[in-house]
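Just below sit the structures, each encoded as structure tokens.
The following pair of complexes shares a single chain, subunit A, combined with subunit B in the former and subunit C in the latter.
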Partner chain A sequence: MFKISLSQRSAPILLAIVFLLVLPLVVRQEYWIYVMTVGFYYAILASTWNVMAGFLGRVSFAHAAFAAIGAYASALSVLHLGIPPVVGMFIGMAAGAVFSLFIGYLSLRLRGVYFTLSTLAFAEIFRIVVTVEYEYTRGSLGLETPGLIGGTLTYVPYYYIALAILLGTIFSIYVILNSAFGLKIKAVGNSEEAAEALGINTAKVKVIMFMFTSAITSFAGAFYGHLVGLVSPEIGAFDQLALVIAMTVVGGLGTLPGPVIGALLLEVVSEYLREFGIFRLLIFAGLIIVTLRFFRRGIYGTLKQVIFGG
Partner chain B sequence: MVVAGQPIIENLIAGLLMGSFYALMAVGLTLIFGVMRIVNFAHGELYMLGGYLLYYLTTLFGLNNYVALPIVIGVMFVIGVAIERALLRPLIVEKLGDEYSIIITFGLSLFLVNFAIAFFGPEYKTPPPYVQVYRVQLGTISISGDRLLVASIAVIILLFAYLIISKTRIGLAIRAAAQNKEGAMLCGIDIYKVNTFTMGLASALAGAAGALLSTILLLYPQAGLIPAIKSYVIIALGGMGSLIGAVVGSVILGIVESLGTALLSAAYRDAYSFLVLILVLLLRPQGLFGARIREV
Partner chain C sequence: MRTVLEVRSVTKSFGGLIAVNNFSMDVREREIVGLIGPNGAGKTTLLNLITGFLKPDKGKIIFMGEDITGLPPHKICIKGIARTFQLIKPFPKLSILDAIAVGVLARVRSKVEAYKRAQEVIKFLGLKDPHRLCESLNVVEEKLVELGRALATKPKLLLIDEIAAGLRPNEVEFIKKAIRTIRDEYNMSIIVVEHVMPLVMGVSDRVVVMSSGSKIAEGKPEEVASNPKVISIYLGERRGKMLGVKA
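Take a look at the complex of A and B:
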């Protein structure tokens, strides 16, 4: 067990965790429990995207595509192999790791924007393949997939599973960032030239982190598929990617709590914006631009600066 | 589609024609990269805006296509200037990293797409064609007449852009800045002005591509995505920042696509570019005409 001291630093985090743990007991509306569960899903995606973009300075446009890869791999293996969805989620995770190793190996050895271009092209190809290979994927209609837990009528179990995955994700990111390997990550993020000069294999650091974040994303995507019961190309759509980017940027790029704050906030806000329909993404796009242009540290970073200074 | 007769030659020509549109996009993109060292992820949306501008100028104001096209190019130039001034200026002032330029142009792209959905409508639109003749016979080969004409206009616009870059003072400044930014500044070149002009020129070219190609293809808010992805592949293939590379890469990609469509599968037409990108990254990461990039 970890010795937790109630220092200034960990108190707010513990409070937040306790708050999220008791929330379903207080808020008994299924609708809001579902919204929060989806919010956790986005928080996982935003946190992992932020590792590449915020800490390593590498922007992936295939993040939603990796969620979809996990969802499809899990749904297809559950459908054809008859395995339980829980095992399917791990197959989804493995699929994400394999594809990310391939893209990462191709494009992360190179400096500059090649990685981003490759992920963009890959995401688009993935969408085309899913739509064209109708026989296996049922195209844009989507695959129906069983729920994670049979016979449950409430979203409360899903809520806690999603929360557990989210906490596990953030905890492992925290551990990695504060390890010796985390120092390498920070070095690469600050200056690749300098890191290389220190003898760090920067390509290896980037590929490992890309695999790690993509595998978690695929795992979360598989979970999401079993949550909504339908796996369609929508999961990997650019709109979803846009949402994840908006959440991360608004919450605070390159900070650990930022993406979680951004994801939960924007998910709840977007429920209220539902009636505005088409203006929702327009507003989020505006938020990305304004935040990045004028409040580069996002909500978390800006608040921290205002409260603690510096 | 392979039809009896001269299928391969017909496909080659179709590929060449597509290549000339891709070049309008890719030349602007590679110029931006050469001067500012960034990839503009809103490039496809400049294409889309060009298409809608032409659509509304011709349908709402009843202008002739040939009158509307120069207006589109002018307005798109101004839009490009505005984008540089409002969003990309901090890049040089504050020396920000790649992730800023990528995310801010992505945000702009998202904004413009959803702006178009909200205010122009999500449905397909078709601006009036530039010419009504639909097939041109060259011996036994039959080519789509409007494609041929529109591609010729694209080539003329490209030549204009080439003249600006090679013969004018601002063109000289652009080339100097692309070669060595610090050196250019030491020679008294106003790097801000060069950036602004480059963005305007690139935006005008992408807008022209949209105003031309949208009369042949369909126009809708996300219409820019596929041409944009292709032009990203093209500049990687030709070598980032290389003008000649952008033109040659466009022609190669156009031909690869139309031959792939004819010989392999039409459903995967838009996927061939990804294969090209993989090959480039594996075999020649610096591209055909690019300066050697450093591997890390």
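Take a look at the complex of A and C:
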């Protein structure tokens, strides 16, 4: 019998971080650096979606929509106000915070499935408005946005920026979940009524976390817009949401590393499956079903069980 | 003795059904009040009204001289009323220690302090191995954690909803002792809603009998037990067996 010490537990995490830091130095193909950068973007979305779904038990269907809100808010302010894209990203984040406060305040006090339905309705409304308001958004053609860094021909800086945002996101989630407030979050996720009876303002906890996760998602979405150079309603489309859900579930719902593992893995795999086009979603849906049926803890949870026996 | 809780002419109906009908009662400092009545009498509804899970249609709830009618449950908990649930609502994925620390957080901000006080509650209740997940506990342990969580919020008034249901006689005896010790050590008032007669009769200073949403009797346990109205409405023929009293 020996206890897993902190260093033993954090060793794999440090190793993974070092691996991701040196990866662009080893893999010198721009294409794969780009794929990994997009993978980081999805990992941020999956990690934040996982906080709501995996720890608070609330499923948001507006997660991809919030990425699109951030992307549009940043792109529009850069194009019309002439501000640098970095500032635009923070405007995108603020837009996500404002919208999520609005939806969260209206729907998170409702019980059960109503929150999910409200986010679904919101995501649809947002998509339609963006598509119809051609004058401002150029509809489904999309807005061309300047890159984050002018004049660069390589994706390596984007790679490191995305990695930094991802690490910052996971670190803040880790700190929150391990704080006194985090214990309240887990209590709400386990039983809302019991948490309420024990003096926890459950509505407040949910709204704060919805704002926090949505704002980060919008920030990441704004980054994605400047990475790709084109902001279209596609960013907020349902298949993007489905992809994020698949990544989280396959990686390990309710764990911290799970969504990151799932996101990077599925993003790389989906590059190999590119020729299948939209049918990739079918494969991912199948993966979700297989995971839920046979490995409920996802890749990370299952590995942890096999290695540490618990 | 000071009055801790006053329920003043409270009425609550669901559609056409009047669950609690113009009901009044009070609880004094350090008093254990037993609340009994047949199934559907409105006992749990009354607890839900006191703790803010339901809002009364009419009437007022006064706690420590303050009108708390219509406040949300978390605010009422902070004011000093804690409860357990009849159908227990555990935190399956939290450890015993975490679950009870959640209760402590109603009073303290620091997580370290919360765990320290949670350990005291765990020791007091005699729970073993506090790092076990709540989903792995047996019924008695689950109920003790439920009680411990409520205790951890340091209430002035504790509402215990049918904690003895499904427990063996020796376990009921243990709970009975625990309730008395809680009152004596933590200096609180307690309402015990219960079907298990040996518990409620053995532990209460005063018993309130509810039937169809109204109060039909009130008094010392032995007075209530021999009240013919109570016997006919609630206890029926099995009175002797259940109470061990001769009518």
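One rule holds for everything that comes next: the second predicted complex is superposed on the first by the 303 of 310 C-alpha atoms of A that agree within 3 Å, B and C clash if a C-alpha of one lies under 4 Å from a C-alpha of the other, contacts with A are read in each partner's own complex, and residues count from 1 in each chain.
Here is the rule we go by: a residue touches a chain if its C-beta (ideal position, glycine included) is under 8 Å from a C-beta of that chain, and two chains touch if they have at least 3 such contacts.
Here the structure is a predicted model, which is why all the values come from computation and not from measurement.
Student: In the overlay, answer first, second, both or neither for which of subunit B and subunit C A:Phe284 touches.
Tutor: Once the two structures are laid over each other on A, A:Phe284 reaches subunit B alone.
Student: Once the shared chain is lined up, is A:Lys186 touching subunit B (first), subunit C (second), both, or neither of them?
Tutor: Touch partner of A:Lys186: subunit C, not subunit B.
Student: Could you look at A:Gly57 and tell me whether it touches subunit B, subunit C, both or neither (first, second, both, neither)?
Tutor: It touches subunit B, and subunit C stays clear.
Student: Please determine whether it is subunit B or subunit C that touches the greater number of subunit A residues.
Tutor: B
Student: With the two complexes superposed on chain A, say which partner A:Val87 touches: subunit B (first), subunit C (second), both, or neither.
Tutor: neither
Student: When the two structures are overlaid on chain A, which partner does A:Thr116 contact: first (subunit B), second (subunit C), both, or neither?
Tutor: In the superposed model, A:Thr116 contacts subunit B only, not subunit C.
Student: After lining up the shared chain so the two structures overlap, which partner does A:Val27 touch, if you call subunit B first and subunit C second: first, second, both or neither?
Tutor: After superposition on chain A, A:Val27 lies in contact with neither partner.
Student: Report for A:Leu14: first if it touches subunit B alone, second if subunit C alone, otherwise both or neither.
Tutor: neither
Student: Output check: A:Gly199 vs subunit B and subunit C. Expected answer is one of first, second, both, neither. What do you get?
Tutor: The answer is second: A:Gly199 touches subunit C but not subunit B.
Student: In the superposed arrangement, which partner chain does A:Ile149 touch: subunit B (first), subunit C (second), both, or neither?
Tutor: It touches nothing on subunit B or subunit C.
Student: Which parts of subunit A are touched by subunit B and by subunit C alike?
Tutor: 196, 202
Student: Which part of subunit B faces subunit A closely enough to touch in the complex?
Tutor: Within the complex, subunit B touches subunit A at residues 38-39, 41, 86-87, 90, 97-100, 102-104, 106-108, 110-111, 114-115, 117-118, 122, 225-226, 229, 232-233, 236, 240, 267-268, 270-271, 273-274, 277-278, 281-282, 285, 293-296.
Student: State the interface residues of subunit C toward subunit A in the complex, per the touch definition above.
Tutor: 51, 53, 72-74, 77-78, 82-83, 85, 89-94, 98-99, 101-103, 105-106, 109-111, 114, 149-150, 152-153
Student: Mind pulling up the subunit A residues that touch subunit B in the complex?
Tutor: It comes out as residues 53-54, 57-59, 61, 106-107, 109-114, 116-118, 120-122, 124-125, 128-129, 132, 192, 196, 202-203, 238, 242, 245-246, 249, 253, 278-279, 281-282, 284-286, 288-289, 292-293, 296.
Student: Could you pull out which subunit A residues touch subunit C in their complex?
Tutor: My answer: residues 179-180, 183-184, 186-187, 189-191, 193-202.
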